[in-house]
Every structure is written in C-alpha cells, then in structure tokens.
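One structure is given here, and the rest of the page talks about it.
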Amino acid sequence: MSKFLELPQAIESYVKNGDLIAMEGFTHLIPFAAGHEIIRQKVKDLTAVRLTPDLIYDQMIGAGCIKKLIFSWGGNPGVGSLHRFRDAYQNGWPNKIEIEEHTHAGLTNRYVAGASGIGFAVLKGYSGSDLVDHTKNVSEVKSPFSDEVLTAVAAINPDVTILHAQQADKAGNVMMWGITGVAKEAVFAASKVIVTVEEVVEKFSPKFSSIIIPSNLIDAISVVPNGAWPSYASDFYERDNNQYIAWDEISKERENFSKWLDDEIYSKSATGKK
Amino acid sequence: MSENLNSTWTADEMMTIAAARTLKDGNTCFVGIGIPSTAAILAKSMQAPNLFLIYESGTVNTNPQKLPLSIGDGELANHALTVVGMPEIFNYWLQSGRIDVGFLGAAQIDKFANINTTFIGQTYDAPKVRLPGAGGATEIAATCKEVAIIIRQTTRTFVKQVDFITSMGFGEGPGSRAKNRLRGGGPSRVITDLGILEPDPETLELTMTYLHPGVDINQAIENTGWELKVSPNLKTTKAPEQSELEKVRALVSTSDK
Amino acid sequence: MSKFLELPQAIESYVKNGDLIAMEGFTHLIPFAAGHEIIRQKVKDLTAVRLTPDLIYDQMIGAGCIKKLIFSWGGNPGVGSLHRFRDAYQNGWPNKIEIEEHTHAGLTNRYVAGASGIGFAVLKGYSGSDLVDHTKNVSEVKSPFSDEVLTAVAAINPDVTILHAQQADKAGNVMMWGITGVAKEAVFAASKVIVTVEEVVEKFSPKFSSIIIPSNLIDAISVVPNGAWPSYASDFYERDNNQYIAWDEISKERENFSKWLDDEIYSKSATGKK
Amino acid sequence: MSENLNSTWTADEMMTIAAARTLKDGNTCFVGIGIPSTAAILAKSMQAPNLFLIYESGTVNTNPQKLPLSIGDGELANHALTVVGMPEIFNYWLQSGRIDVGFLGAAQIDKFANINTTFIGQTYDAPKVRLPGAGGATEIAATCKEVAIIIRQTTRTFVKQVDFITSMGFGEGPGSRAKNRLRGGGPSRVITDLGILEPDPETLELTMTYLHPGVDINQAIENTGWELKVSPNLKTTKAPEQSELEKVRALVSTSDK
C-alpha cells in the first residue's frame, strides 16, 4: 500500500546507491523533481534505464549519480545532443559510464518481460542493425512450432521505478493520462515504486486513455506540483521548450553545468518548479 | 536552410512538399520526428486528409494542428483518436505488419539506403560524434510495407559506407533483407533537398529518378559520396504550388508559437 | 476502413465456411445477434475459438456451424453445463466436433502472439496440469540467457473476429468499456473484423477503462441494439440471467433445442432482442 | 444445501464464513467464481475491508455490493478501481507473482490437493461427465503465494485419485511442485462444509485440522475417498457469530435480486 511521503523522504527511503533505477515518462510526465532530489542526495553508482535519457539523465550523469545507462534513444528531443552524457561516455567526466543500447521495441519488451515475471520476451527486433553486436541481453530463440527464429530480450526488473503522474486519490491510487509510454510495465517490473503527482483528488474522473495504478503497486507518493517541469503534464502545463533549448548551452561546458548544479539543484529544496 | 536562388521556395520546403506528395490517402504511416513528421502532417492538409498517423509515443490516428516539438508532444496526444502504451504500438501495430509507410530521417545513408543514426567517425566505443541511436527506427525500417527516407543530400550524409547500420535498408544488396529476416518491403524512395532517389529494381541501388526544379544533376553527383546512379528517365519534380507553399509555411510557423 | 453494413450483409461478406472464427466478449458484450445470423446463414465447418464458449457457441454447435472448438472454460456461467457442446463432443450430434483446450492464460497469450505478428508467445503456464498432454499448440522453449524454461503457445490468427461494442462514431471507430477481456488482441490477430454496436454517436465521451478500436482495423460495423442480449452491455442493459437459466432446459434435449432454433432463430430476422 | 441439525446455520454458511475468516486484510486475492467469490466478498465486510480482489475478467480491486452471477458480471466492473484486459491480468498481475492468495473451487480433489475441474469418469476423449475445464485455475494454483480451496466434502469430491489434474496442488507429494516448475507456495488450506484441512508440513498430505461445530470426525472420514489423516491437535472451528451469519445471508440474498 502506498504512503504519502515528502519527496526527500521518499527518495531516501527507496533509492539506494548501486540500484537499478527506471525513471520513465516518454517526453510527457518526466519525473524531473525526483531526479533533482536524487542529485541532491548524492546517490551514486546507479544503473539507470530509460527509453530516452532526455535532460533528466543528462543531469544525473553530469552530477555523478550514474555508472551505467541503458537506453534506446539518447538525444535532447528536438534540440540536439546530450552533452553531459557524451562527456561522461567519451571523456569519463565526472565518471566513466558504461552504456547498453537498445531499440525502443527491444527495451519496451525488456520491460514487458520484467512486468510479466518471466526471464525474457520474444519479438522481431534489431534485425539488420549493427546494434546487436554491441548490446547485451539480446539473443535469439527458435520456435518449437516452426522454423521461425525470434529475437529474445532479457527481462529488466528495476530495484525502483519512479514516475510522475497527474493525480493520486486519497487511498493512494494514481491516475495518469495522455502519453503513458511504458509506465505500466515499469511499475509491474519493479520491486519498489515512487510516484510524484501534481495533485490529490477526492475521486478520479474518467479521461480518455487514462491508466490507473493501484495503491498496492506503489510504495511512496509525493505531491509535487510541477514535478515534471520542464517536460509537461497533460491538462496541467505544457513543455517549457525554452528550457530544453537552454539546456544545450548550460550543459555544453563542465563549468556552466557545475554552476547550474549549484544554483538550481544543490541550493534549492525539493519542489517542482516552473 | 539553403535558399534556392532560382526559385521562390527553399530547398527544405521543396523537400518537405515532395515528401508529402508521396503519401497516399488512407495509408497508415508510422512517423519519425523532424522533417518526416512535418511532411506527413502537411500531406494531411493536401492530398491525404485520411492519412492515418502513428507515432512511437503511442498516439494513434493523430491530427496535430501544429508541429510537434518532440515525438511525445502533447499536441499529438490531444489530437489523437486514442493513445496507447508503447508495447501496443511496437508489438500490435508495428510488428504485426499493419503499417503501410514508415517515414524516417537519417544522419547518414549509403547507396543501399542503410541508415545510420548512432555515431559518426571512429568507433562505437569512442565515437567522434555520438548520435541519439535507434529509437523506433530499426523496427520501422524492418517491418513497414515500404519506407520513405527524408534527408538532405551532401557528401556528409550520402556516404560510401555508413559508420554504423542502425536501421537496414537493402544491406549489401539483393538478398540481404531476407537473410536478416526483415519482412517489410524496404526503402521505396529517398527524398532529399535536391531530388528523389529510388532503388533500382534489379540491383536495389539508390538511383536518382527526380531532380527538383532548378537543381542540376552535377549538383546531385557532387553531393553524393558514392558514384551516383542516375535514371535514364530522370524527371523533374513538379514545382511547388502556391497552395502547397502556403501550407508548409503555415505549418512550420506553428513551431514558433 | 470500416463500412456500416446491415448484419446479414456483414456476415455474408466476411464469414466463410471453414473459417477460423473468434467471437469474443468475456461474459460482457457477447456478440449473440451476430452468432444467430451465422446460424441463420447456415455457415458450416467453422473452427471457433473463444475463451468461454458460453451459450453463443453452444447454440452454434447445436446448429451445426462448428467442427472444432478452441476454448479454455466451457460452461454455462453460474448455471452448469453446455449441453449442445457435450452432445456434439460425446455423441456427435449434429456433427462430431474436435476440441482443443487451453487455460485462460494460455489462450490469452495465443491471441497476444497473433496480435503481435509473431508465431508464438512465452509464459509460465499449464505447469502441473494434465491439459498439456491433450492440447496442441503448447510447447516449451529454453531461455537463451539462463536455465529458465518457459511455456510456448502458438499464435492464433482468426480469419475473422466478431465483437459487440457499445458505440461507434460516424467515422467508423468503435469504443467499448467495462470488461473487454481479449477484445483488443482478437482484433489485432484477425484478418477481418466485424463489430456490432449498440449505437452510433457523434463523438465519444471519456469513460473509465475504455478502449477505442480505430476504423482501419475494422471491416464492417453493424448497428444492432441489444446485440449482446442475453449477455450484457455495460451502461445499456444487464445480463438477462433468466435466459441463461432457461437455456439449461432448452438445450438439454435435442428436440427442445431444435424447436428453439426454429422459433427463435430461423423464423426471425437479424436484430438484437430483449 | 444440507441443514446442520445441531445449529442455526447451514453447512454452506459455515463453510463460507470459515473460508472468509482465513483472508487477511490488505492481501491481494485472485478469486474464482461461486463460493470462493462469496467468501472473499464476505471477508471484505468482516475482518478484511481492504482485501484487494482481482477476478480473471480484468476487474482490479473490486468491491461488489451483491454477488456476481458470473466472473465477468457488470457488478464487478462497476465497483472496480480499474478494469484491464486479460493479458494484463494473467501476465502482469498473476504470472509476475503479485497475488497473495488464490481462492478456488473444485469438482474433485485428492489428498495432495490436486484439483480436477475438467471431466469425471472414463477418459478425456469420452468422459462420463464433462466439466468446464481450467479457466484461470491452473495458473492461479501454480503461481499464488498460497492457494485456498473451497469444496464440499463427500466421497464424490474427495477422491483417491482425481480423474484429471486440471490444477496441481502438491502433485505426488514433496518435490512435485518444483519438478513441475510451480512457483507459488501451493494449497495452504481446504475449507469444506465439515471442517478445514491443511497440508502436513512433512508429507504435504491434507490433514483434517479443524471440524466445524457439531461435526463428528467419523463424518469427515466417511466423506473422504482416501484414508483421511487427522491432526493430533484437531480443533473445533469457532461457531459463526450472529453478525457473520447476518452478513453472509444478506450477501447471498443479493443474488436473487
């Protein structure tokens, strides 16, 4: 059953050095406030999985939280490169990071297998791509019914999954809508789940394409309005694209980035902001 | 964006319009972000109002009114018939073979339309320039009934050998797709700022079949990193109509709003 | 793209003798009117798949439409046996039928594989059950990553799937809500899809747990109010349980059943009824 | 339903109440239809208001106000926190090992709590009585942390050997579950109209550990098709309280409405 906790307490309770962590949210509902609190608490040696590392993992990489990145598309969406990721990967600053790279279809199915409690999933994937030579956890299985050969991907089971959602109810269930990506799979695959939400409501109202995550799949809920900023929360606020553009400049040089870290993260407390 | 001095449109506008024109009404189109997305949305306001657009973010049959900033833009969700989880997108929609056209961009492409969006220069482990990687493109390229690629034509993008095959086109030529268990038809056309290339029916090598108005074939040859094959029936793309230009400009201007 | 057709025309156009047919709806939204029209058109030699054959397949079996039944729970829910199924299976009346029996989890995953365009799905299933000795299309695969052995089930890809739903919009998209079972998978797995609906609306309104089936996955939509009777359609009508109880008596003897077939099916036209 | 002449409740009422009492508040319970469902719903009005009920039809955390007629009753959907598709129920909820208690009925059971719901008499291909089959039970029995079984105790139901193992309990005894790759803990108790049986910790054979008030051990022995093991610490089930009887009767009466 979920408990309502302040964000610092939620992170402290459920995110440990060395964890395999998934912070999902496909462009939408990216749990930035939680990521910033992880930086603030100086969590180390995370293996961090996310389809699209986006700014959130670029920031955590730059801050030295991550030792290995598992991903399938690593850019600043609509802007360009993730400079902190590249600096860590290519130059080892602030620490070397290892990467494990997939396709979206493949990494999605790693989550599906994890959510399903089986060791692997089967798909038609990676075919013809050089990726397969550089990526662990991808293999093949032959059909027991025909000559068909399918790709197999190993399950991924995060120690902790962190999501941002629009609403919780008082019983600690969570509702999210709009683009939900692999949120459901990341929850079912994980041992522990933290969700930050925009607000708490008495009762959920029907929404198109909404999913509800029952309280018993969640460990901690933190109420953090604007907790997905500068990404967006459908029906709450839009993406602050200027921040995505500004990040290119902030993150390009180590010095600028370190100043940003001091000014915007270390010297601030855990809240969403806009 | 380079101005085409002989005309009243830019090369990127021509490329986008030429790409949009190739989409058939009623087709199901799996769209990559950037110019492919702009072209697909443009097509819906032109000859293909019932083009069924799917983005990997889960937005199904979306009809965005302005250009999405990213593949998961709220604009795509707000104007979608429905939004579903990514397992459903990749397993039920894409992998099942239901998509008519995959619409992709690329950083590098070779003469067999193999696509690189992973890294440029040196090695995978120590790249000169690291790019975002595969995203949905590998399986889009493998699975859709046909694939259209939009890319500016320069010797940096049209290369003899891609540094990494992120998404396979025709591999090393005839037989490669089957050998690699790719089920879709593969690239049917590459739309550039200079013209259109299509695979030769026999050799599968990309062949220049159209030049955009005002483009010289030597321009295309000079901007290609391999010995460019040119169709004996080389044609000229129809110039953009005023209404097409108005539509593409109106659409592109929405991204500033 | 879906077309709006009268039900007789929809069945005539898309259901052929010898087809593999799936008529889904888990207790809820069972496409009875479509089943009755199939009986009326004297379609033969169907291989019919459904998690729960329920009254609809009992009726179609008794009427001689089905040569093979693929299922995972074959009773009259809350009442007892399916007498026509048993008479056909055990006594060959009106024709012998072959059966292929699964667990719900197994048959559900056969649909998942079919929907996914791959030849098989993997799960942990059937373990310890004698079923596996009597059921084709169930096998094993070994993990390429570990010693794990999983159950494999072969994909099922119906020639035609038939569903009942609450609403269509004018563009021929369909919305259903409440219990949807394997509806989505049965649609994606099929070559052709027919949907009967309670009503056509201008625009869908958000509902909890609703799913939308886009027009391009559907071949024919028939507007058949009460088309799921005597099962139920959430927010439209409740299950007519007296009919389920009455079916036990109607179906017990061949003579009674044949009279029911004459009175209620052959001498009536294609409409839902209540 | 046989009246228990020594009491003011029926044997079925006692069985249902005894079953309901075993469910812990906050547990996640995967429920089969019939008496298991009645008992689980009853438990929510007794000691386990936060019992998290899941039915194979896709209804998650449902709180029905009357007895469902079937496992897919609208009552279950209308009072559910959410309703999901069956792949999600079987793959994400059940197979992942998230369910504390599976609550099942049976047509036949043997001393290792193997369950038959497939056929009785003769052979699979030519059965004397054909039953509905597995439904969700096989994987519920395989996977839940523990399994509770509710069944009336007679020589027809408590048999030396089940005609078909639809859902495995302890197979042929210690080691069978592991050998068959069953991950859950297996049957923890069988609640009957006469009492409660639990597996012996060593042999895993079902052992009578409770008799309901007014039931004689000879009754249990006579109604068991194998040589029934009886616990040296055989206890008597606490008699139903008036409030429990009122609740079960109120609940059962809803099915007539």
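A few points about this structure:
As written, the chains take the letters A, B, C and D, and residue 1 is the first residue of each chain.
The rule is simple: a contact is a pair of C-beta atoms (placed from the backbone, for glycine too) under 8 Å apart; a residue touches a chain by one contact, two chains touch by 3 or more.
Remember, it's a predicted structure, so these values are computed and weren't measured experimentally.
Looking at chain C and chain D, the chains in contact with each of them are A. Counting only chains that touch, the fewest steps needed to get from chain A to chain C is 1. Interface comparison, A-D versus A-B: the higher count of C-beta contacts falls to A-B.
Chain geometry summary: the mean Cα position of chain B and that of chain D are 58 Å apart.
Between the CA-based centres of chain B and chain C the separation comes to 41 Å, rounded to the whole angstrom. If each chain is reduced to the centroid of its CA atoms, chain A and chain B end up 28 Å from each other. Of all residues in chain A, those touching 2 or more other chains are 116-118, 123-124, 184-185, 208, 211-212, listed in ascending order.
Residues of chain D found to touch two or more other chains are 82, 91, 95. The list of touching chain pairs reads A-B, A-C, A-D, B-C, C-D.
Residues 26-28, 51-52, 71-75, 77-78, 81, 85-86, 89-90, 101-105, 108-109, 111-112, 123-131, 134, 149, 177-185, 208-209, 211, 232, 234, 238-239, 241, 244 of chain C are the ones touching chain D in the complex. Those residues of chain A whose C-beta lies close enough to touch chain D in the complex are 1, 115-118, 173, 184-185, 188, 211-212, 214, 216-217. The part of chain D that touches chain C in the complex is made up of residues 33, 56-59, 69-74, 76-78, 80, 82-87, 90-91, 94-95, 118, 124, 126-127, 130-139, 141-143, 164-168, 171, 176-177, 180-183. Here chain A touches chain C in the complex through residues 116-124, 137, 139-146, 148, 150, 152, 154, 204-208, 210, 212, going by the rule given at the top.
Chain contact summary for the complex, chain B toward chain C: residues 26, 28, 50, 52, 60-61, 81-82, 88, 91-93, 95-98.
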